[in-house]
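There are two complexes below, and they share chain A, which is joined by chain B in the first and by chain C in the second.
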Partner chain A sequence: MTIKKRATWHKRHDLPWLLVFVLPAFLIVVAVQFYPLAYSALLSVQEWSLTESQAPQGFVGWDNFARELGDSTFQRSVRNSIVITGGAVILEMFLGVCLAYLTMGSSWRMRAVRTLLILPMVIAPVAAGTLWRILLNSRAGLVNHLLGFIGIKGPEWLASPDWAVVAVILLDTWQWTPFVLLVAGAAIASIPEDLLEVAAIDGASRWQVFLYVELPLLMPLLLLTLVFRTLESLLSLDSIYSLTFGGPGFSTYTMTFYIYTQGLRNFNFGAAAASSWMFMVFASICIWLVFWFQRRER
Partner chain B sequence: MKKMLLLTLITLLALPFGALAQDMPHAGVEIVATYMQSGTYDVGAENIEADFEAATGIELELVASPWAVLNQNHITDLTTGTGEFDVMSGEFWIASVYDKMLPLDELVERDNFGGDYIPTIWQPGPSGYFDGHRIGIPYSADAYGIVYRTDIFEEAGLTADWETWDDYLATMDKLAMHLEGSDVAPSVFAWGAAEQTPSIFLGMYDGYLVDADGNYALEEESALAALQQMVSLLDYNPEGAAGLSIDEANSVFLTGNAATMICWVSFVRAAAQNPDASLVVDNWAVAPFPGPGFPFLSAWNLFISEYSENPEAAWEWVKYYINGEQATQRFVELGVGSPYLSTYEDPDLVDAYSHDFPGMVHNLSRAQSVPWVFEAFEIFFRNTSELVIGSISAEEALANTLASWAEVTVPPALVQSAAAQGQQQDM
Partner chain C sequence: MRNKTSAKIFLLKLLHGLILSVACLVVLIPLIYLIINSVKLPREFLTVPPTILPSEVTFQHYQELIDDAKTIRYFRNSLTVSFWTTAITIVSGTLAAYGLARMKLAARLLAGITFIFLFIRFYPRVTTVIPFFLVMRQLDLLDTVWAIIIGHLGITIPFVTWLMLVVFQDLPQEIEEAAIVDGSSVWQRFWRVVLPIVMPSVSAAAILTAFLSWNEFLIASSVARRKASVLSIAVASFVSDKGIQWGPMAAMSVVMILPMIIFALFAQKYLIRGITFGAVKG
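Take a look at the complex of A and B:
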């Protein structure tokens, strides 16, 4: 038997076994991933308020999408999501890379510093939100108290529409910069020493070495981190729930908070499903933009 | 002979069990009751759980959840027909599922249940009703009120006998002059707890909440005036008041930094008389809540699910938990406002709470619940919060609220509740 014939025989002979082993996993993936997606797609084109009916109340086509798109609270939650995620992720990427460089090394001091810096990441977001709510209390909070020491009158963090957004960005940055630090630190450590030495021998300054040697090598991992962080930040609900509860007013209503309210507080399942699909499109565009940028860089 | 002896012995042995079965007709039955996780209502239930089980033989499981989760659980359980809970703790927030609650008229009549309730609390609205049938039994009653510093009022030669918000604001002006230069603010309120702001609005608003067609609505002129008056109150509050949570506002009053506080009295009652937590012990009292509107009422009810497989056992728990004696005990031990007149007429308590009871009973007798489902409530409080922080005007807050309300359906039970409490527009 030739090699080609043997391969074909194997393919035919193994196919039933392959199916036996692959099919259960495939069915599980379909059940846990595609079924909910398909069901939510179905719900998004139906009217269904759980408090009015135990079953969907009829096909409404694109009405749910049109209504949500025209809703000023939804529009505001999209704007807030862009501002909060954009602000937080940019800060996290910048601070994370800076801290990774500052804490390079394997001495016990550096290891201890890195461990300390990573701590916020292991706190449950809802607890972190509560903690920061106490810290940012305008009358008795530590933050304004410390600002007072240096002669600055602290703002009304949670009562001002603008400062509340800043507070949410601060919380996200505080909690998730360590993630960028971890990834960037590992990436920096993996850059071959001889590349840096060659650049130095060629007369490159430290800044030039970073810009032309290290950054291009770090870029793929940093972009991946950017994708992770963008997604995570967009999806974040618990920290906003405990820090501002979407307020004051609608100031920190994000898309996730809006969907949560529609679905689990007001039980408007049709509207919540439509909003979720729009959120998914929105998140996909954000991710596509990052990958597009990555391809362009290559 | 031996057989006769054995039969007699068995009969004698079985007698106590027969008697037990008569005393405990529901022995061995399992029921589940829900409560809000608040450290008050739930603790009150836990405190008597063992006694109830011993007295009735019913196995009781108590499930306590935070407010939002509790409501979600109830609505999901009843709309899906899961039937997980036999006895449910709730208020008008779950009116959309009132049609899934067991009518209690027959049980109430059969057991002559009711007693000396404060009349307004036993009426539709504060008491859960659906289609003219009682479905809920109130076990707590707390009305929005104003607590004030008796020492400061005495110094300033003022009295806290206001009838309208105009009177209250006039008193605030006088207090502001009297307190000028001190750290004490004339008034404080938890403006940062946005869901509390409707309580002030409802006190200032003199109009309907549901229109003649059964839709959410407000009388625009009166609503606008109330919104504007509500915001004007901020001028009498301490700096940074727009961000105060309930605890923070309470703390301002308890540390002596406010002459009056608009609040749920039950949230501050115990702490204000505790020397470890308060600088105003014996120097405060409850004042009438001004009109022309009404004090917002919180009256928790126990409902029995129509899916309960053991409604009689569930009713046993309702009777055991809700009665004048238990209500007074919960008031004394946990600060839970009682819906029973007997609590406020108890000679021992009347003396101890002379600063509290007159104002409280006055406010409770005028208090009303609102016909808002949570979605309608949230739309309103988010917009009033935007108004309070200065993001929008009173006109915009009103227009936004009415526009969003147009999308929300009023459950029939709440239309009936509004009609019963005079909150519906005349036909």
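Take a look at the complex of A and C:
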């Protein structure tokens, strides 16, 4: 056998082995992801409240969807999700990019600052929620105490419907600005140095260089990060669970939290499945955007 | 003129340092305050103004946690879940990624598979939590660590496969060609030639998997109630109708956070590569 023949012979005989390699992962993903997904699609068109019956109570078509859309808590959750995710992601993008510029460089001091700044990201979201619950206690909390130093009387963070929303935004921003910092930092570092030098020689000010040279180069990645963060923020449950538990009242119910309570607190399986599929449609559009951005990047 | 510019530079440097100091404080103060709270006496919790430096350092909250058999169980369960999730994920994910990378799939098919990975990473997990709960109930696995492990595997295996797929695709084919000519099998090539080269990426994937599994809350809280409860559930459980148990809550949060912070300080590069994967390539 010549060398070349042997190589092609191998390639053909490799295939069964390669399939065996892929098989375990494939089976687990189908069993743990695709089967439940199909199951939940099936549940969304059925009536099933576990408190009333141990088995599905019959096919109801689009009823669950219509009922959920008309539900005032559902509507409120959608609004809350938009406000919280919108607010948090805008803050994160702005602060993250600023901090990325301010922490550029490879001196030990900058490296230390960066290491420190990413710490919030590695904390379990559920623990971050309890942490901020301690900090935001309206009378005995540290935040209002510090605000008192500069003469501001802090609000009733977690007891007021509006400030509770702000609190959730602050927590998300505190925890996830580091993510934007990391991604933006990596992107800035990859801009060719000479490009900036040429612009500077041409007499452009630092601000102009940023606006006309760097920003267009960073834009695709920043947009990708934006969609990334939007999705993650929409899907987060843990931090709201431990910071406000949706309260006071329903004022910090987000889509994810609403579906969670519908399904695993009230055991309205049909309703929860229907709302989660409506949510899924929106998430799928975002996921498609991420995919599209990634392909363009390559 | 000259003086003016140097004064301006000095001011800018000052401002730069000031902003970074504030940012560091915003990150550090909450963490330090949490640790302080975990060693405070119960009566100093709700004082106005807040007690910043406790009059006495007490380890009673930690002592209570250690004395409570439940805490030890939570901790053990968290360790068990993270360990098995990581072990199974790394073995099956790395193998699957190698298989996919060497199958010579059509570009379109590979793009489709990548989309599936991306979808699993980002679709609203609450959608599948209820069916997953029902399946586990049917299999009589509710309230066992295996229910949590299986749930975590569904997230971590696609993610690690995706991560490693990119690594294997970037590997030059020539590396394996000599081994092919020598007549070694796929398994030998994978085990002896490829795996040693990609070991750093495998470590990154393993660290990331352990991190995700340790911090995960949604799946764990949906299938575990008592026996199989893990730390993330325990941390959330101190807020109840009876009020908030501040001391134990702070102590338990420290117990949960500390290992990951140590992880982040020593394996920063790996952890970052994992967390930002998908946004930044490789």
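As a convention for this text, the second predicted complex is superposed on the first by the 250 of 298 C-alpha atoms of A that agree within 3 Å, B and C clash if a C-alpha of one lies under 4 Å from a C-alpha of the other, contacts with A are read in each partner's own complex, and residues count from 1 in each chain.
What we mean here is this: a residue touches a chain if its C-beta (ideal position, glycine included) is under 8 Å from a C-beta of that chain, and two chains touch if they have at least 3 such contacts.
Computed from a predicted model, the values in this text were never measured in an experiment.
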item	value
Chain B versus chain C as contact partner of A:Glu156, first or second or both or neither	first
First, second, both or neither for A:Val290, with chain B first and chain C second	second
Chain B versus chain C, judged by how many residues of chain A each one touches	C
First, second, both or neither for A:Leu264, with chain B first and chain C second	both
Touched partner set for A:Val122, first chain B, second chain C, both or neither	second
Touching partner for A:Ser72 - first (chain B), second (chain C), both, neither	first
Contacts of A:Phe94 with chain B and chain C, given as first, second, both or neither	neither
Contacts of A:Ser251 with chain B and chain C, given as first, second, both or neither	first
Which of chain B and chain C A:Ala140 touches, first, second, both or neither	both
First (chain B), second (chain C), both or neither touched by A:Leu221	second
Intersection of the chain A residues that touch chain B with those that touch chain C	137, 139-140, 264
Residues on chain C engaged by chain A in the complex (per definition of touch)	16, 19-20, 23-24, 26-31, 33-34, 37, 45-50, 52, 92-93, 95-96, 98-100, 102-104, 111, 114-115, 118-120, 122-135, 150-151, 153-154, 157-158, 161, 177, 180-181, 183, 185-187, 190, 211, 214-215, 217-218, 221-222, 231-232, 235-236, 238-239, 244, 246, 249-250, 253, 256-257, 260-261, 263-265, 268, 271-272, 275-276, 278-281
Chain C partner contacts - residues on chain A that touch it in the complex	3, 6-7, 10-11, 14-15, 17-22, 24-26, 28-29, 31-33, 35-37, 39-40, 43, 99, 102-103, 113, 115-127, 129-135, 137, 139-142, 145, 148, 174, 179, 182-183, 186-187, 221, 224-225, 228, 231-232, 234-235, 237-238, 241-242, 245, 255-256, 259-260, 263-264, 269, 272-273, 276-277, 279-280, 283-284, 286-287, 290-291, 294-295, 297-298
Footprint of chain A on chain B - complex, ascending	68, 72, 75-76, 79-81, 96-97, 191-192, 194, 240, 242-244, 248, 373-375, 378, 382-383, 385-386, 388-389, 391-392, 400, 404, 407, 409, 411
Contacting residues of chain A [partner chain B, same complex]	49-52, 54, 67, 72-73, 137-140, 156-161, 246-251, 261, 264-268
